[in-house]
Amino acid sequence: MKAWLTLLKKEFLLTRSSLLWKLLFLVIAGLLGVYFAYRNNDRPGLIVVLAVMVVAFYVFYLAAYMFKSLREEWEHTSHSWLNTPQPGWMLLSAKLAGGFINLLALFGVTCCFTLWITWIELNNFARPGFQNIDLAWATINYYGWYIAVLIVLGSIYTGLWSMMISVGMAASKSILSKGRFFVGLAIFLIPTWGMGFFQGTVVYDRLVRWGAVYLPQTPIVELRNLHFHSLYTGEILFYAIIMAALLFISGWLLDHKVEV
Amino acid sequence: MLKINEAIKEDLALATDIVRFDHVTKRYPGKVALRDATFTLPRGKVIGLIGPNGSGKSTVLKLMAGLLRASGGTVAINGKPATRRIGGEVAYLSELDALYSSFTIEETIRLHQGLYEDFNQEKAHEMLAFMQLNPGDRVKNLSKGNRGRLKIVLALSRRAALILMDEPLSGLDPIVRESIIKGMISFIDLETQTVIMTTHEVAEIEPVLDLVVAIRDGQVLKVEEIDNIRGELNMSLVEWMKQTLA
Amino acid sequence: MGEEFNSTQPIYHQLVQRVCRQIVGGVLRAGEKLPSVRDFAVRNSVNPNTVQRAYAELERLAVVESRRGLGTFVTEDAARLDELREQLKDNQITAFVLDMKEMGFSSEEIMEGVEEHLAEDK
């Protein structure tokens, strides 16, 4: 435990100053967004759309973080990073956790500004036709949490795949002198094309569609008839197992196949 | 009776040998870095691994550190096979600048303290004082010489049974080299530790060595005691090296 | 004490000689404590094992003695010290004469040269 915390502290220390700069940048950008939202009279929702696009991008944040963090280790500090008694999954999960802390901070600030901008735009464009600001605001607040959690989980998911690609490429270095890129590409195709294909099959259906999860009924009466994608326990388990597998396979590769 | 003797001999060998290479080969696509290397190294000695550039010295060290895996044969450290996680028993000082440059010296020490059970923080601070390093300095701001000194501090602050140093003196000016050598002598505990180092500064390091391993073109040519070289063969290490590696 | 070592004799042997010279020369006095193995090793930039060997050899020669828990001390045996003094003198002279003879000097020339040199010294 002490070792994992030490590793986490190290990961955090590595990115601490960069995080502060990024937060500063976000605050400035956020304030600018707020300013433009106030002044936005002709194009309803423009700033909100931009802000929401930024929010959506966070689903790739951990993928970028892991790739960059691992590249730094491969290129500069691999001898230190790997000459330790801790197992590979511990080294990698600490890295992911460090990224997670960064994610929460940056995502949190971005969401706050997005909500603020949304409120401003909602108020700006309140018209007799556009019924109920309160309804719109409540909807956003209600589903916003689910979407935020999904984005964060999605980020962890992409982060783990990014880690798998990076470690896979490093592991193949001892076997192939060239063509590591193709190894990375092959691994990349699994969560993208491969998963898409698999999820269309009957096997997947049988495997996953059980244990339907019922989200608490929305307090907003008007929305009760809207039907979103239902959530199954099987599906949650499916992704959880994949994520755990990614961590352990990468850890195993780090311990047995990677050479530096 | 013979079998029992062999078993005892084997046990004794394991007890006294810190490193054992058994027909170790290391192959890369297109190149053989180490060819059928078989040798054992005893505990409690300062051992020099010498040979020309590209001879395989770093490869041998990295195999001992678990950073590389043998293509063939076995590498045993302290009786155990050398895996990536042997870092708990082996301290490795890389030839590269493998330090986290945004950290301060103190942060680097605390990192090692948290990762290695055998890390001695008091000794580390003692060594820092000896080397005249300031814990508050950031690694990226250190001169090359001071980075070299820090690496030695980190390696020798561990009570690991095996300390590996890859070119600890390379590229450093004579004053720094002397402080590193003196630091090494001051802080190494040869009753419980063994040091294996690669170096080009053969003449400078000779007084510190007990044993020398000559390697060339991926082949371990000889393992010899320094005392034998001077005493029986009547030559200095440099002369022996020229002769053996010719 | 940062002199280089010559390249023909084992280093521990040269350390033994250094200590003997220091004793005879008065730098190290009878009964004086020698530096610890580690200190000596650091000062001379040599392996502690080598110092250990040198001290062991000095003890074997009865030039020093080790006292359990206290360290290694120069012997107080005046007879031994005198003997050592004579031995070193003898070694030096023998080496010198051998060297000169190898160069072709006769015994008379050697004697003359030494006397001349010592006369100038005053």
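We just call them A, B and C in the order they show up, numbering each chain from 1.
Rule of thumb we're sticking to: contacts are C-beta pairs under 8 Å (C-beta built on N, C-alpha and C of every residue); 3 or more make two chains touch, one makes a residue touch a chain.
The model shown is predicted, which means the values in this text are computed figures rather than measured ones.
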item: Relative to chain B, chain with the most remote C-alpha centre; value: A
item: Selected pair, greater C-beta contact count between A-B and B-C; value: A-B
item: Computed distance of Cα centres, chain C from chain A, in Å; value: 74
item: Rounded Å distance, chain B centre to chain C centre (Cα mean); value: 34
item: Inter-chain centre distance, chain A versus chain B - centres from mean C-alpha coordinates, in Å; value: 43
item: Chain B, residues touching no fewer than two other chains; value: none
item: Residue ranges of chain C touching chain B (in the complex, touch as defined); value: 5, 7-12, 38, 41-42, 44-50, 53
item: Complex interface listing, chain B residues touching chain C; value: 44-46, 178, 181-182, 185-186, 188, 190, 206-210, 226-227, 230-231, 234-236, 238-239
item: In the complex, chain A residues that touch chain B; value: 2-3, 5-7, 9-10, 13-14, 17, 76-88, 174-177, 254-256, 258-260
item: Residues of chain B that touch chain A when the two form their complex; value: 28-30, 62, 65-69, 83-92, 94, 96-103, 107, 110-111, 113-117
